[in-house]
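Next come two complexes built around subunit A: one with subunit B, the other with subunit C.
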Partner chain A sequence: MNRRVLLVGLAVALPLVVLLVASLSRDPTRIDSPLIGRAAPAFRLISLDGGDPLTLQSLRGRAVVVNFWATWCVPCVAEHAALVQAAQSSGTRVAFVGVVYQDQDSEVRAFLRQHGASYPMVMDPDGRAAIAYGVYGVPETFFISADGIIVNKQTGTLTAARLEQLVAELARPAERGPS
Partner chain B sequence: MTAAIGRSLVLLSLFAAVAGSVVAFGGAAYRNTAAQRWARRLLALYSASIIAANLLMVWALLRPDFSVGYVAAVGSRSVPKWVAIVSLWSSLEGSILFWGLVLAVYLAIAAWTQRASQSDYMPWAIGVWLSTAAFFSLLLSGPAQPFTTVPLPPSDGPGPNALLQNHLLMAIHPPFLYAGYVGMTIPFGLAAAALLAGRFGPGLQRTLRTWLLVPWMFLTIAIVLGGWWAYEVLGWGGYWAWDPVENASLLPWLTATAALHSALLVERRAVLKGWAVTLVMASFLLTILGTFMTRSGVFNSVHSFTQSPIGPTILAFLALATVFSVLLLAMRIDTLAPEGQLEPGFTRDTLLLLGNLLLVLFAFTVLVGTVFPLIVDALWHRQMSVGRPYFDHMVAPLGVALLLLKGLGPALPWRRPNRERLLRTLGWPLVTAGLAFGTAWAAGSRSPWALLVAFFAGYAVHVALREIWLPIGQRLRVLRLHHALAEAQRTGRRRMAAHVIHLGAIVIVVGVAISSTMTVSKEVALASGESFALGRYTLTFVGAEVRSEGHRDAVVARVDVAQGGRHLASLTPRMNYYASQQTPIGTPAVRSTLFEDLYLSLLSVDPARQTIGLRALVNPMVSWIWAGMILMAIGAIALLLPARRTLPPAGAGGVA
Partner chain C sequence: MRCHWLALTLLCLGAYPAGALETSLAPSPALDSLAPADIVGAPRGTPLTGADLDTESWRVGSLLRCPVCQGASIVDSPAPTAVDMRGQVRAMLAAGYTERQVLAYFEHSFGAFVRLDPSAHGINLALWLAPAAALAAGGAILLAFLRRSRGSAGVPPRRDLTDASSVASAEPDDPRLKDYLDRVRALTNRDDPARVEKSRKA
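This part shows the complex of A and B:
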């Protein structure tokens, strides 16, 4: 047994294997936004159901999930059911808001009639909210803590499991390490 | 029905591989020739069943038979035949099946060419090969089963990933890559066999060298073809982005290149056997690492297969194979004791060794850059990406140093030279180096790295050409030209071929250095009839039209290219729209000449208003990269052609 070869071999290989194991659950599509850790930009947007405009301010005190989406975006359609489900099951602790991105009222209404809805939808006709949040493409979902800080951002389709996990993290008050 | 037959074939291959490896190891350990014969039969059974499974899948894709799970996932009635066949490796399960096919062909050929061999290493090698094969059959029979039964077959399927349908190179690049990746299994088995048998004699060295060169050649071609594909399809104007998966293909190439060069020292001096064996084993492990990278969903890349459940399984195999390799090396490396010694001082030996170390350092640098985001994410939960600047800064000096060695090394004799002779052999190439430097300077290059590359490349080209010419020139003194050529070819082919490979590599390095430092680009918005100038070209947007092409729709823009008022060409960059994909895929238009490419890529197009957004680049010397690849392939093939053994082997005084 050549001890040196063994030690060098293990010293090179083991950390790499451990690193890869630790990375298995990594999601490379998660892109941190410079907004994470900052106050969520305020918005005042027209509700789709014709009621009063919805402001972020009015939700202060509850954790908020803001989902930018559109009916023409296939990944958005794919995650819709998961969002509806999560909004229903998380009760009043977490508020969900759907911000419609570059789309028509009529299309959105038809879509929601067909696929169901459980949380307020607002229109962002000139895209101001999308610009304020630095939305690059839909879907993008922002997770805002009860004190109005963006704690997480997801790009791309959310699965029910991932969403549940993120909402749970959001509802649990700040235990994330410094970022 | 088809699916059930496919599953049976996969299970049969799993059985053959498992049983074969057990029987082979047993036969090797107990020197039982009957068991060794059975191992070969089981190897043949493995190959036959996996090849049959692949044929079945291709048949199902061509029909298309949507009752087979994989066909339902990637098949389509509307795609052309070549796309249907390419679908075999377009998605996760099929790609593993195709992996099996390539491995089966390699194993069959390797076992067949060694059929008469009574050597003590073959049974060990077969055992290792079939263990690897067993793992991939295991993937196919469980986590990545392509032959699932679809109870209610759909009437049509989505077709493969649109990016793969977009260019014919996609039909060519993956098979070459697999031939490179999978092929590393063969030298790995042979290297492990050298350790297990405790002997690494000339016979095994020759076999190992050949079987290392084959996948190395395919990998070389695959890497360049991948760059070519990116250049022709992705539309950002470059061919290499230090994408994790590009790096993954480069890593085993670097270690295999080092292994090929260390094999020279093993052959000449009977030293560094353990080192060479280690490099071969590392090359294989790095191919498995690359496979993990593409299929685990841990890295984000154009190459990634969608979120797949087989990541952990491949990682387990990687860990197992690594532990096996490290333990085997630690336990047995001392059996491969050196029988000679290196010639110290400023000799070819020293430079070969130095080159080896640089290549390994190169691989290590790329590996660190590739996994660094994982480290940061694991330790600090932050996203970061390691981009071009890191790789360019780290790799440029290494590349230049290797280029320098490529010129100096072959110029030095194997034995310690005398001073006068040394000055003469090392002096003349400086002239060519100066010329190359001057040419690059005159062409406007001011990047220190590019100028340095030009200088060293000139030097290395001179040396390589001299080495190719030397055996011919010596014989010309006594023979006519065609006899001299034939004679030189017969006795000095290995050396000439090796230098042709060097020439190809130098041409590639020059192409990369110049094209990456001297590109000119412009992004413009144009309405029809408008023109703009780029370099010496004037480009005019003529108009855009919508075309329907069966499996896709396309918007094609026409741009006229003129130079000094003279019409040169009409280029048609386009956007292709596939039913299966939301965003269109652009296809750039490239006008290649020997010294520069004009590259047009559509950023946006509005056929109704007749306006386009266009990115235009003038990329100098990009076609040199493709030409260099062809040279390298020619050299490698010449090296692989069976040699007629005549005269005493080189080194018996031929050169000195």
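This part shows the complex of A and C:
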């Protein structure tokens, strides 16, 4: 009888323990975007430079990197130089767009004057773009193929090397795939 | 035609951003706005205003998880993200989207995680069924246990205490105690040497 109770107890408890131990190595803040493989939400957002609103549609035919960021976000500041560099070196093959999240345009202008800019910035005053893209926090970077499909999403700071790799993957449609 | 657009836009400007309105009324092939209609279809309910809008916004908002908080709904959080999401819920309800459409819109971009009450579909069904299954299993075990203990209480097991084999399991481990027990047995079974020998062996 005791042996049976022990066996049944183990049969119930062991899978739970294995599940818990396996979950310890998972990052609880990492939630995969359900948008990967789906059409990127189209947007029309106010440009920071005061020009015409920027639409995703106007970039169709080029791969697009959409980076949600803010000046108050330390990881965003850390990856800014890498994004500026990547946008410059990828030329016209890949378009970069910075979507300003929960920030003041005066702050953003001052930041860009100081740190440089090489790609258009748009404002998302009521967060509708962030909601449509399911942004949990900044920085989040979406990689959109030339035919408008979100193929990858990265959360957190991107290093120059990682960004270069991801942009190369994006610009090479045949070998493209989420990593 | 142009006048119609102007009138419509002016009419609804307060209720919902014009960009989304254009798309919800006349879906264009050029998807330039962040219109929920692109995702969940045209509004299927009646546009809400005033106190109804306040109540419904709060109720539907309480079903959505604030993504930057720990287990709080968007109506319980002062986080800017939650404020934006409340605004989106309100705008959608004001434009006539139903609760289902609002929840589906958020689920489309954030995943099922955004719903505080997971929908009872697919793997989520396990969440709904597991407590009932656990209760049934626990009840069955308890019933079996009660039945067995009642059975043993009603009819006590018969044991022949004079048979040494039936008391063998009660043999003490302590050698001194065992010697003492043997002596007691020898005394009590004095008239039956075979039995004494048997108990000594045991």
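Worth pointing out:
Assume the second predicted complex is superposed on the first by the 143 of 179 C-alpha atoms of A that agree within 3 Å, B and C clash if a C-alpha of one lies under 4 Å from a C-alpha of the other, contacts with A are read in each partner's own complex, and residues count from 1 in each chain.
Please note the rule applied: contacts are C-beta pairs under 8 Å (C-beta built on N, C-alpha and C of every residue); 3 or more make two chains touch, one makes a residue touch a chain.
Fair warning: this is a prediction, and the values are worked out from it, not measured in the lab.
Shared-chain residue A:A13: touches subunit B; no touch with subunit C.
In the superposed model, A:A81 lies in contact with neither subunit B nor subunit C. By the touch criterion defined above, A:A160 reaches neither subunit B nor subunit C.
Within the superposed three-chain model, A:A130 lies in touch with subunit C and out of touch with subunit B [touch as defined at top].
When the two complexes are overlaid on their common chain A, residue A:L35 makes contact with subunit C while staying clear of subunit B. When both complexes are overlaid on chain A, the residue A:A168 reaches neither subunit B nor subunit C. In the overlay built on the shared chain, the residue A:N2 is in contact with subunit B alone; subunit C does not reach it.
When the two structures are aligned on the shared chain, A:S23 is found in touch with subunit B, with no touch to subunit C. Shared contact residues of subunit A with subunit B and subunit C: 31-32. Of all the residues in subunit A, the ones that touch subunit B in their complex are 1-3, 5-6, 9-10, 13, 16-17, 19-24, 26-32, 73-74, 177, 179. Subunit A makes touch with subunit C in their complex at residues 31-35, 41-44, 55-57, 102, 126-134, 136-137.
If you check the complex, the residues on subunit B that touch subunit A are 274, 289, 292, 296-300, 304, 311-312, 315, 318-319, 322-323, 325-327, 329-331, 333-334, 371, 374-375, 377-378, 381-383, 582. If you check the complex, the residues on subunit C that touch subunit A are 17, 19, 30-34, 38-39, 67-68, 80-81, 84-85, 87-88, 106-111, 113-114.
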